[in-house]
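Please go over the structures that come below.
Two complexes, one shared chain (chain A), two partners (chain B, chain C).
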Partner chain A sequence: MSRRVLTVDDDPDITMFVKTVLEENGYTPLVARNGEAGLSMARDESPDLIILDVLMPKQSGIRMYRELKSDESLKNIPVIILSGIAKRTFLRSQEALTEFGDQPIPEPDVYMEKPVEPLELAETVKGLIG
Partner chain B sequence: MKMDKILLIDDEEDILEVLSLSLRSDGYDVITAASGEKGLEAFERESPLIVLTDLRMPGIDGLDVLKRVKNTNPDAEVIVITGHGDMDSAIDALRYGASDFVNKPVREEALQIALKRAKEKLVIREKLRAYTLDLENMCHIAIGEVKRKSDFQDKLITSSNDGIVATDENGIIVVFNPGAEAIFGVSRIEVVRKTDFANLFPPEIADVFSLMFKSGKDMGDVGWKEITICRKNKSDVPVRFSTTLLYDGEDIIGSVGFFQDLSEIKHLEQELVKSERLAAIGQTVARLAHYIKNILTGLKGGTYIVNIGLDKNDTDKLRAGWCMVEKNVGRISSLVFDLLAYSRERAPEYRSCHPNDIVEDVCELMEGMAMENQIKVVRDFGPRVREVSMDPDMVHRTLLNLVSNAIDACIFDYDNTKQHEVRVKTRLEKGNIIRFEVADNGCGMDEEVRSKIFTAFFSTKGGKGTGLGLLVIQKLVYEHGGSIDILSEVGKGSAFTVRLPYRKVP
Partner chain C sequence: MKDKKLLFVTQFEELWFDALQSLMDLRKAGFNHAVFLHVIGRDKVAMHRGKGYLKDEEVKLREMANVRFIDWAESLFEQGMEVGAYIVVGNPLPKIISTAAEEKVDLIVTGRHKRGTFEELYGGSETLEILERTSTPVLVYKYMLPSGKVNERPFERPLLTMDWSPASEKAVEYLLSFKGVLKKVIAVHVIGEKEFKSPSAMEIQSLRKENKQKLEEVCSRFEKEGIEAESHLYVGSTFEQIEKAASEREATMIVAGTTGKSPLKEMLLGSVATKLTKHSVLPSLLVPASVTL
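And then the complex of A and B:
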C-alpha cells in the first residue's frame, strides 16, 4: 500500500499542486483545509507524513503543529511546514508560545518556504518516508 | 537689677555721713568711700549701678572715677557733685558720660531728682538691652532661616536640569545655573553681572524679555514656547522656555527665564517616527511578500500540473492546471489594482449605466465559485432602479469585492447544517441614492474582526487575502460621496450596505 501524506492548506491551489506532486510520485494524498480539520484527519487516518501550511483561518498551523507534537499518538509523524512565512518567524512564534508556559516542542523535520519546486518537494517527501 | 545700691564717694567725711544717712532713710543701700581709690575698690567689689561722686578729691578725683567706672561698666550711672559755680567741671563730667550733676551744698530735692532720672535711665537702658537682645536673637534666627532658604534655593537652582537665568531690573544677568550653561554653551563666570539678556539670548527670546520689561507684563497665557538656540561653535539646541517678571510689591525687581533642553526628546521623537515608519513598511512588505509567494506557488503549481497534463495527454489535468494559472494571474492583477487604487486619488467617472445590470454581471461572475461551494446567490433587484449616471467601474468593483467576501464568509463557515446563501439587493432611496446590499449567512465577524476590517493588510483569509479589498472599497465609496455600513454577528452572517448618490441621466 502506498504511503499516505496529509496536506493541510486553506489555499485550494496549493492543495491541488501538492496533491498532484504526491500522486505523480506514487503517494496517496489526503487534504484538509484548516488546522482543526487537519488535526481530526490526522487522528482518524494516521498518515505517514503531514505537509502543513502556517497561516490558515480557524486553527493555524502554529497551533496545529503544537497539538501534533504534544499528542503521544501523533508526535512521531514527520512534519513538513510549507509556508509563505519565513522559518525564522515560525520558530519565533513557537518560542513565544513556549515562553507563555507551553511545553517546548521540537523543530519541524523540514521547513520549506513557498513557492516550492515540485522536484524539491517530491525529494523531500522521499527523504523523509521513502 | 540692683538699682537701690548706691556708691557714695566724697573725701569730706561729714558730707559722706549726712548724705548717706539721708539716702538710707530714702531706702537706698548706700556704700560709702572716702577717696577715689577706695571708691573704685568698692565699685569693683559691689558693682553698684549708681555712683555718686564728688569731683574734687585728692588723688583719684571725681573725673577719674567717672572715667574708670564708665570704662568698667558703661551702663553704670554716675552723678557728680560739683562745687558751687564750678560749671566747667560739671560740663567736663557730662562730656565723659556723667548722667547728671548736683551742686554743693547738696540739696535734698536736687539729689532726689538726679537719682530718679538715673534710675529711669537704668530702667530704660535695661529694657533697651532686653529688646536689643531679643531683636538680635530674632535677627539671628531670621538670618539663619533666610540663609537656609537661600541655600536651599541655591541648591535647587544649581541642581535643576532646566536652565534658569535670572536678571535684575536692568536686565543684567544675575543667576545662571549649570543647566543654563549647558544650553547656552557659555559659563556662569562669563555672563553673571557682565552681560544683559539682550546679549545672551537669541533675538526671539530677547524680544520677549524686552517686551515684558517694557510693558511690565508677563508672557501670561503664552506659557511655554519652543525655539531653537544656536550655540557658539556648537550644534543647535531645541528648547522650550517660559519667563516671568519678578516683583517686589508693585516694583519690577528682575526677571527669570526657564529653559528646557528638548534635544533628547526631539531625538526620541524622530527615532520613534522613523521606527514606526520602518515597522509599517516592514509589515506591509512582509504581508505583500507572503501574499505574492502564495500567488507564485499557485502559478508554479498550475504550470506543473499543465506540464503533467501535456506529458500524459490528460485534458482534466490540463484544464485544472490552466485554471490555477488563470486564477493566479487574476489574483496578481487584482493585487496590483488594489495597491494602485489604495495609494492613488481617483475621481469618480460618471457615465450612464444600469446599476441592476452591473450587479447582475457581478452575480454571474461569482456564481461559478458559489456553486462549487454549494452557495446560492439570491438576487433581489429593485424594479425602480433605472438608468442613472454614476461610476459603473466603481460599482462593479465594489459589488464584486463584497459578493466575493460574502462567498468566502460562507466557505469559512463550518456549520454544515446551513443552506448558505448570498443575497444581493438593490433599492432606490430618497435623495437620489441607490442602496446596494450584500448579505450572507456565513461565519460572521466578532467585534475584534469587525473593528479591523478597514485596516490595511488585515485579513482573515490566511494567505488568500491582500488585506486591502475593503479598504479600497471604502475609499472608492467615499470618493463617490457614498457611505458603507456593516451589520454582523458571529455564526449568523454579515450584511454590507453601500449607499451611493447618483446623477440623473441628462
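And then the complex of A and C:
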C-alpha cells in the first residue's frame, strides 16, 4: 500500500500542486483546508507524513503543529512545514508559546518556504518516508 | 481561558498594521486570536464590459493582500498570538458576516470606508447592517486622532453612553469583559430636552436624581471589578452631547448599545449609532442587544 501524506493548506492552488507531486511519486494524498480539519484528519487517518502550512483560517499551522507534537499518538509523524511565513517566525512563535506556559516542542523535520520546486518537494518527502 | 477572536477587516485604505498593533492591548482581555479579512470587490475583477472576468487582476490583488497579511501575521505570531487570514472576492457585507460566523469571532473591527454619494446618504449603514445580521459587537475603528497621532490605547478611557435600554445594559456587560484593559469608564446619560415636559423645578430635579442614581449603579459595577468609573449627566441633543462629553472627559472611545433595527429605520430615526459611525472622530464600539456573553 502506498504511503499516505496529509497536506494542510487553505490555498487550493498549493494543495493541487502538492497533490500532483505526491501522486506522480507514488504517494496517496489527503487534503485538509485548515488546522482544525487537519488535526481531525490526522487523528482519523494516521498519515505517514504531514505537509503543513502556517497561516490558515480557524487554526494556524503553529497551533496545529504544537497539538500534533503534544499528542502521544501523533507526535512521531514527521512534519514538513511548507509556508510563506519565515522559519525564524515559526520558531520564535513556538518559543513565545512555551514562555506562556506550554511545553517545549521539537522543531519540525523540514521547513520549506514557498514557493518550492516539484523535484525538491518530492525528494524531501522521499528522504523522510521513503 | 479560551482565546477570544477579533476579526480585522481591512481594504488597505482605512486600517493598516499600526491600527492592528494599537489593539494588541486587548490581549489582556483574552483576545489572543486575530483573523484578517480582505474582500476584493467584484467591481475590481468583474463586470468590465467586453473584458469578462479579470483573472490576472484577481491573482495580482490576492497576492498583494497576501504579502501584507504574511508580514502582519509574522509580527503577531512572534508575540505568541494566533492568526488566520481570508482573502476573498465578493461583496464586503456578506463576506464579513459569513467570516464572523465561520470563525465565531467575539469582535469585528472595521474602518470607515470611502463611500459614493448614495452610500454617503446612508452613511454608516454597512456597520448597522452587520449589527442587524449578527450578534457580534462592531468596533468602527478610527485610530488616527485629530492630532494626527495613533490612538494607542482606545480601550483605556471609554465613554459609555447609557439610555437605559436593554442594548445599553448589554453594552455594560460586554465592556466589563474588557477588565484588564480599561483604566477608567466614563458613564454618560443625555437627558433630551423633550424630557423636560414639566416646568416644575422639583420634577426636573427628580429626573436628574433618578438618572444620576442609575449612572452611579453602573459605575459601582465597574468599581467592583477594580475599574475606575465616573458618571456625568448632559442635557440636549444626544449625539452632540456625547461628542461634547467625549471631548471634555478625554475619552478614547465611545461605547453604545444598538437596537438591531434595520439600517433604514436607524437612519430615519437618526439613531446615535448611525451618527457615531458616520461623524464621530473617536472609535465607536457598538454592542447589539442580541450579543451573547
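Definition applied: the second predicted complex is superposed on the first by the 130 of 130 C-alpha atoms of A that agree within 3 Å, B and C clash if a C-alpha of one lies under 4 Å from a C-alpha of the other, contacts with A are read in each partner's own complex, and residues count from 1 in each chain.
Keep this in mind: a contact is a pair of C-beta atoms (placed from the backbone, for glycine too) under 8 Å apart; a residue touches a chain by one contact, two chains touch by 3 or more.
All of these numbers come straight from a predicted model, not from anything done at the bench.
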*With the two complexes overlaid on their shared chain, look at chain A and say whether chain B and chain C clash or fit.*
clash
*Tell me which partner A:A96 touches in the superposition: chain B (first), chain C (second), both or neither.*
second
*asked:* For A:V31, using the defined touch cut-off, is the partner it touches chain B, chain C, both, or neither? Pick first, second, both or neither.
replied: neither
*Which partner does A:G84 reach: the first (chain B), the second (chain C), both, or neither?*
both
*If you stack the two complexes on chain A, which partner ends up touching A:L6: first (chain B), second (chain C), both, or neither?*
neither
*asked:* Contacts for A:A42 in the overlay, against chain B (first) and chain C (second): which applies, first, second, both or neither?
replied: neither
*asked:* Applying the document's definition of touch, where does A:F17 land relative to chain B and chain C: first, second, both, or neither?
replied: first
*Please indicate which partner A:L55 is in contact with in the superposed arrangement: first for chain B, second for chain C, both, or neither.*
both
*Identify the partner contact of A:L68: answer first if only chain B is touched, second if only chain C is, both if each is, neither if none is.*
neither
*Common interface residues of chain A - those touching chain B in one complex and chain C in the other*: 55-58, 60, 84-85
*Mind pulling up the chain A residues that touch chain C in the complex?*
34, 54-60, 62-63, 84-86, 89-90, 92-93, 96-97, 99-100
*chain A residues touching chain B - in the complex, by the definition given at the top*: 10-11, 13-14, 16-18, 20-21, 24, 36, 53, 55-58, 60, 84-85, 113-118
*In their complex, what parts of chain B are in touch with chain A?*
289-291, 293-294, 296-302, 304-305, 308, 317, 320, 324, 327-328, 412, 414, 460-464
*Residue numbers on chain C that touch chain A, as the complex places them*: 35, 66, 69-70, 73-74, 77-80, 82-86, 102-103
